[in-house]
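Okay, so subunit A shows up in both of these, paired with subunit B first and subunit C after.
Entry: the complex of A and B
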């Protein structure tokens, strides 16, 4: 299968920094992708350029094999509701959904109605008077009910309470199972979406740090817990991502995949193995990468932050 | 094409924007005008500029069409071209609607002898010189002009920032001053007013439509690179 999204050497320059720095990326499609990264890492910029809402400074962008700018045949198959999406003055959610139904050919009004009920969204208030969470719900409903071939969600959970967030995750999974498509979900609540996403794309400082299947990422590290002397002995030469200790018990996360034999060995020696949380792993890997980056560039490029 | 027409529908989904708000503003302005006319103890016909009130609504609508509806249209994956053409079409429809209201208002004023007090908001002699059609064209052009000015200003602001918008406004004011200076210097004011009178409301409106076309062209160039 060819990739639905292909990006080569994509750079987006703003006055004082590169929001995207020579990014190359291929997205196969037909899965739920997590676009993860810190605030200002470049997540929204990347999604904006992929949907022709913003423009690249350099590089090539292809969505369904073509550049999306002013290209209805591509744009027709995309939906991207921004995190701080604006709506027409005096529009109510009812107006917004009616408008969306005009433009998305797969629009499912029934699904929209169910979601409105689930999120308890007031339909007759103007959108500008809605709370932050309700505003997010409007975007989530448009994103889900549009059933576009590629749907982007830009931190869709902002302001949503825990119940509403769970509704979103559940509904997303249900609808995705029935209508498989490409979903790209930007988030910095990594643990919350870790059960949802099949593929992880980590972006930091305008660069792609990781683009892998979630399972592969999880296998990249392991946490060993037990008597600190024993743990240290076991860790020895391995690359430590993180270390915590409480009294004589230590918990150390190391990079690397363990074979079945190695696992057996660890348990036999009285140590416990624990899975690494995706969030932990990504945070550590991000920190490590940026530390390496800054030590590489430290002599030439002393950026003030 | 169907997507362009859908943009028209998108703009008109909320009837408040293009229809109810201008109507309410117009109704309010007519009531205030009539009350004022009633207080003037002069038997002759009284004319006022209350009819221009809804024009400012069109200016605001043009502005928010760019600053708010455009970003929304991007979430609906509408191309900029479709949005631009559809929005101008919607504005033309709204302007035509207001112009029809204007004609009806003028008819009512004629029939009621200026609300019984010889006061006129719609039936201004200069605009009606060539009959209802002329008045229609004049008011249609004015409404569309206000919309396009609002939209173009907002587009320039969004594409190039407040500094460029200020510079453009400044240059326009300077150009206007220049024209006034030249006319004064060459003592052409008499000729100017004669030309103005000869063109009449309809002639001026046709020039207005040409200005609208030019403004739309500039606006489209700026709009093509606008980001929500």
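Entry: the complex of A and C
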């Protein structure tokens, strides 16, 4: 299968900062992708360029094999649910859904009506007067009911409570199972989405830090806990992501998948093994990358958390 | 139900295996579909499909075209022998390791095992389920 999205050496420059720095990426499609990374990492910039709402400074961008800008054959196959979508002042949710139904050829009105009920969205109020969560619900409903070939959700959950977020995840999985397509979900809530996403793309400081199948990443790192001398001896040859200690006990997270024999060896020597969640792994990798960056750039334009 | 640090599709496969082993999924009956698994465990359907595919390769499930997945004949026996051979690695070795730390030898363990087994069977006899 050819990739639905292809990006080569993409750079986006804002004044003196590169929001995207020579990014190359291919997205095969037909899966749910997680686009993860910290604030300001470049997630929204990347999605904006892919949906022709922003321009690249350098590099090539292809969606369905073509450049998306002012290209209706591309644009009516993609839906971008922005974190802060603006609507006309006097527009109600009804108006927004009507407009979306005219634009997206796969629009499913029945699904939209069900979701309106699920989210208990007031239809007669103007969007301007909706709460943050209700505003997010409008975006989520458009994103799901549009059934576009590629749907981008940029942190769609802002202001949604835990119940509403679960409705979103459940509905997304349900509808995706019935109508497989490409979903790109940008999120900070990594633990919440880690079971939904098939592929994980981590972007940090304008660069791709990880681009892999989620399953392959799940046992990528492990934390070893126990007597600090023993732990340090064991991790000596390995790539350490993080180290903590309390008195004589150390807890060290290392990169690398352990074989069954290695696991047995660790437990036999009296050390404990703890799994590392996708969220922890990404946090550690990102911290490590920024630590390496700052030591290279002598802390010049370093982002402090 | 789902744990970290282990490939999801393997966990899904193991859950199905458990159901076959405890008899809640009977041979030659329909197994849950990929979409049902995805909705139940709240995971990506592709991941669920991978778990199902693993069991198909192993001969535990088979596909009936147009109907769905079924539990193969002999699946129970197959899983039983597989789990039995893994039993020592999975349960006995960690048990021995912990016992060693506590200064319990194989004889102490045997005695404990007998004692506990007797207590457990007394409970089940006392309160028929």
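Structure notes:
Quick note on the criterion: the second predicted complex is superposed on the first by the 271 of 305 C-alpha atoms of A that agree within 3 Å, B and C clash if a C-alpha of one lies under 4 Å from a C-alpha of the other, contacts with A are read in each partner's own complex, and residues count from 1 in each chain.
Note that contacts are C-beta pairs under 8 Å (C-beta built on N, C-alpha and C of every residue); 3 or more make two chains touch, one makes a residue touch a chain.
Just so it is clear, the structure is predicted and the values come from calculations on it, not from any experiment.
In the superposed pair of complexes, A:268 makes contact with subunit C only, with no contact to subunit B. By the touch criterion defined above, A:196 reaches subunit C but does not reach subunit B.
Legend: residue contacts after superposition of the two complexes on their common chain; A:170 is shown touching subunit C, with no touch to subunit B. Once the two complexes are laid over each other on the shared chain, residue contacts for A:277 go to subunit C alone; subunit B is not touched. In the overlay built on the shared chain, the residue A:142 is in contact with subunit B alone; subunit C does not reach it. By the touch criterion defined above, A:32 reaches subunit C but does not reach subunit B.
Chain contact summary for the complex, subunit A toward subunit B: residues 48, 51, 53-55, 70-72, 75-76, 78-82, 85-92, 95-96, 98-100, 102-104, 139, 142, 148. Looking at the complex, you find that subunit B touches subunit A at residues 3, 6, 9-10, 13-14, 16-17, 64, 67-69, 71-72, 74-82, 224-225, 227-228. Of all the residues in subunit C, the ones that touch subunit A in their complex are 2-9, 34-35, 38-39, 41-47, 50, 89, 93-94, 97, 101. The touching residues of subunit A, counted against subunit C in their complex, run 31-32, 169-170, 173-174, 176-178, 180, 195-198, 214-216, 218-219, 222, 260, 264, 267-268, 270, 274-278.
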